[in-house]
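A short write-up of the structure that comes next.
Chains here go by letter, A, B and C, matching the order in which they are written, and residues are numbered from 1 within each.
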Amino acid sequence: MDVLDQIGAVREGKMSRRAFTRSLAAAGVGMATVPFSGRKAMAAPEDQATYFTWGGYDIPELFGEYQAKNGELPNFSIFGGSEEALTKMRGGFVVDVSHPCNQAVPRWTATGLFQSADMSRLSHAGDIIPELTQLEGNADGDNLWMVPFDWGQTSITYRTDLVEIEGEESWDILWDEKYAGRLGSLGAGADAWWVGAIKAGVDFDNIDTPEAFEKIAAVMREQRPHIRVYTDDTTTLEQALASGEMVAAMTWNSSATLLRAEGHPVRFAQPKEGALTWVCGLMIHKDAPNLDRAYDVIDSMLSVDTGKFMINDYGYGHSNAKSFDEFDEETLVGLGLSKNPADILEAGHFQKPQTQEFESKMNALFEQIKAGF
Amino acid sequence: MSTESYIRRPNRPLQVYAIIFLIALYIPILFLPLFSFNDSIYVSFPLTGFTLQWYEELFQREPVWAALMNSVKVGAATAVLATTLGIFAAKAITKYRLPGQNAIVAFIMLPLVVPGIIFGVALLVLMSSLGVTLSLYTVAVGHVIICLPFAIATLIPRFEGLDPSLEEASADLGENAWHTFWRVTLPVVWPGILASLLLTFTVSFDEFIMAFFLTGTEPTLPMYIWGQLRFPQQFPSVLALSSMIIAVSFVIVFLGQWINRDAHISTVRK
Amino acid sequence: MTNTNVTLNDAAVGAPPVRRRGKFAGMLQRSETLRGFFLLSPTLVVMTIGIVIPFAILITMSLWTAIGFGFDTTLTTANYETALEQPVYGALMHRSLVISGWATVATVLLSYPMAYYVAFHVHKNKMMWIVLMTLPFWTSYLLRVFAWKVVLGYEGVINSGLLWAGLIDAPLEFLLYSQQAVVITLAHSWVAFAILPIYVSLEKIDRSLLEAATDLGDGPVARFFRITLPLSMPGVIAASFLIFIPTTGDYITPALLGGPDGMMIGNLIQLQFGPVNNWPMGASLAIGLMLYISAIGLVFLALTKVFKERMA
């Protein structure tokens, strides 16, 4: 910025060109030698844990306890999708805590990049809803690879004023020719492909078979011309729903909650075929540089205050049973939640971990379908 | 003097075009400040009401400021380093006939041919195999590599336009190479250097793909914004931030103009 | 152009008295080549670390195959065969070049008069104009792409304007999530990269040539086509390369504005390194893209050479 001022000074003859160049060189040397530490006047950032997570989880509301104990927020690093995160960590990026979902746990642990969490070090461990800890591939003796944090559904958010529902809500909305060009979908195979499986009537136990691939691919190809946009960016879907550009889209709970809070006439459908359900949580890196604070991060996120915020503002389920005490049943039903997560998770189709080969094959095929092939 | 007037005569249609061009250039960007004052977390018309809420929120969001500072640091360091390297390289390329010169130029320009994502991944693998922790330094290294071609491409036309007889004259007067460069070459190529600094700073400041792979725990501004795009509650404060960047830039430009209001151009050439 | 400079230099080499200071300095003084390489060396070291090593990794990796999280490091051209066999790769490659080509043409054509205006018709505050034209690029690329979404969007500026004027009854949906949207956004985003090189080459033109042409009776149009345009071609060519090449690999703009039909090869490459998790395939596609771009670049260069020779 002061480069511009200096240009002015040179032009006015206030500063010789030589002096200008000298000051520029000095600035360059200064820039190159000043250590790149972003924040001043705080406990050195390297003392805080680093939490590698989705955007939106890097806010003080989730870290009240952590802040009270350590004086500052943890450091945040943001990813756009959990596969992106894994790619980066496999490339050597070291963090303390990261945030995958149940379906990815066995694959994440198989990379050898993580350590299981010692539950005895978490003060809120006793309040965790037990069903959420019993996930496939999650137990390591008494330890857990992934400490459950949030859970929810992938379903359809639709405009009640623009979509006519005959009979029960159904995934058919997203395949309805009537709304061609006004439908949206999440872009990640981790959501969309599984929804395709529900629509095609493929049992999740058989999702990794050639027949299943064929059936789901056929369903996805049928849907593709109707879809205005595939995106991992929920803001895009929310804005399109708010404006009426889209009448219905595949989303997570939070989109419907946020749109309703803004006063838009939307509903988070409970499709008769069942929604897609998932549990996400926290994993600790094997080389976590601040292990004690990694546990502080997790413990803080399990707290009731954090849970209330997650339920009320984002519409996600929380893993701490006590977080739900503040809400009456009606509110929870309105959010598509329940004090009994099993009710929701089992009513829907709960994602099952698959092999890395499945993920690669599925994503490659799904990307081709999205591109129109 | 009369011949001068042919060229100096104002060209009305071109002037109108220039103004339309600038308007078209700025209009999409000016929607950002417009919506930063809008009382809705969704960026869509019609506007719902005026609010300063997002700015208040922004001031409380320390990570935004940290990200901005990170980007400025990386951008400034990248601009200075890439331009410095670029000056030496452009000088060597234009002044001397070097064996394999075309191959060398092609080699330096290669990052332009390679999608940033490839360099990002390859550099990430390189850094991790060398055991280098990712930080703003690694981002700056990546940025210098992709900015160097931009710096050199901007500087070469300048150095090509340099009249070699000036340098020879200086050498004849007994000045050593360094003084010749300092007194003769630099003043002539100065606009190119400035353009190069602006260009490389811009490239670095905007750059997302390399930063995506090479950022450690401290995000650059584009990285931070990318994370925020998914969560609309925070998006208006990001709009507010970008509006402030625009506003500050405007103020600086205005100040520069004000300082220069009496300055008469003494053309660099001729 | 460079050649004439070099000849002049060569002629002058013997002229300056060689003063002996250390051995190395003496050698530098005597040898043009050594001096040249000495100046180039810092850049070459940086670029070697930044290009040769990553490239070696990239080429090696393109010959591997992915299994799960690991790689089968037996060398094979299987990835390249897949890329040639499956229509999706070729089609997206082609589409990327078409989109980037249109964006390049649009940017250069629109920017040239602007650069011309600043170079020839702005006499005060030239730097101010340059700053004005580059200023928008101080804002984040992502936000600019997002701003275009607001302009082209369903309830965006264009649609609400047309609705208000009564020209349309319902918003135009094709504005957003289409290839046009990508072209417009790329053209807008890369304006600075067209204006700066063109401006620099226009500034360099010796004004006395223009005066001479005028004295010989050339009108403004003839003067422009005989002198200004040919002499500014280096800037135009530089601008075209600076825009065309990086935009073919872009994936953010198509991801945010292209919709399913606006997807480009960059998206596919990025996906191989992300969710698809087939880095070797991604490396092969990247190399394929580079070869494709290089081929087009060479054709373009050959054409300009022919053009230059015909001019001379």
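The rule is simple: contacts are C-beta pairs under 8 Å (C-beta built on N, C-alpha and C of every residue); 3 or more make two chains touch, one makes a residue touch a chain.
Just so it is clear, the model here is predicted, and its values are computed rather than measured.
Participant: Averaging each chain's C-alpha atoms to get its centre, pick out the one most distant from subunit C.
Facilitator: Result for the farthest chain: A.
Participant: Could you quickly compare B-C and A-B and let me know which has more C-beta contacts?
Facilitator: B-C
Participant: Centroid of subunit A to centroid of subunit C, CA atoms only: how many Å?
Facilitator: 35
Participant: What is the distance, in whole Å, between the centres of subunit B and subunit C, each centre taken as the mean of its C-alpha atoms?
Facilitator: Here the centre of subunit C sits 15 Å away from the centre of subunit B.
Participant: Distance from the CA centroid of subunit A to that of subunit B, rounded to the nearest Å?
Facilitator: 33
Participant: Scan subunit B for residues touching two or more other chains and write them down.
Facilitator: Within subunit B, residues 43-44, 121, 125, 194, 226, 229, 253, 256, 260, 263 contact more than one other chain.
Participant: Can you list the residues of subunit A that touch 2 or more other chains?
Facilitator: Those would be 4, 7, 11, 233, 239, 243.
Participant: When you check subunit C against every other chain, which residues touch at least two of them?
Facilitator: Residues 127, 131, 149, 153-155, 273 of subunit C touch two or more partner chains.
Participant: Of all residues in subunit B, which touch subunit C in the complex?
Facilitator: Subunit B residues touching subunit C: 3-4, 6-8, 10-11, 14-15, 17-18, 21-22, 24-29, 31-32, 35, 43-46, 85-86, 88-89, 91-99, 104, 107-108, 110-119, 121-123, 125-126, 141-142, 144-145, 148, 150, 152-154, 157-158, 160-161, 164-165, 168, 171-172, 174, 177, 191-192, 194-195, 198-199, 202, 205-209, 221-222, 225-226, 229, 238-239, 242, 245-246, 249-250, 253, 256-257, 260, 263-265, 269-270.
Participant: Considering only the defined contacts, which subunit A positions touch subunit B in the complex?
Facilitator: The touching residues are 1, 3-5, 7-9, 11-12, 17-18, 21, 24-25, 27-28, 31-32, 34, 36, 38-39, 45, 50, 54-56, 58-59, 75-80, 88, 91-95, 232-235, 238-239, 242-243, 258, 262, 313.
Participant: For the complex, which residues does subunit C have touching subunit A?
Facilitator: 66-69, 86-88, 91-92, 127, 131, 149, 153-155, 171, 173, 177, 255-256, 259-261, 263, 268, 271, 273-278
Participant: Can you list the subunit A residues touching subunit C in their complex?
Facilitator: Touching subunit C: residues 4, 7, 11, 81, 83-84, 87, 90, 107, 110-111, 181, 188-190, 224, 227-231, 233, 236, 239-240, 243-245, 355-357, 359-360, 363-364, 367-368, 370-373 of subunit A.
Participant: Residue numbers of subunit B touching subunit A in their complex, please.
Facilitator: On the subunit B side, the touching residues are 40-44, 62-63, 66-67, 69-70, 73-74, 76-77, 80-81, 84, 121, 124-125, 127-129, 133-137, 182, 186-187, 190, 194, 197, 213, 215-219, 223-224, 226-235, 248, 252-253, 255-256, 259-260, 263.
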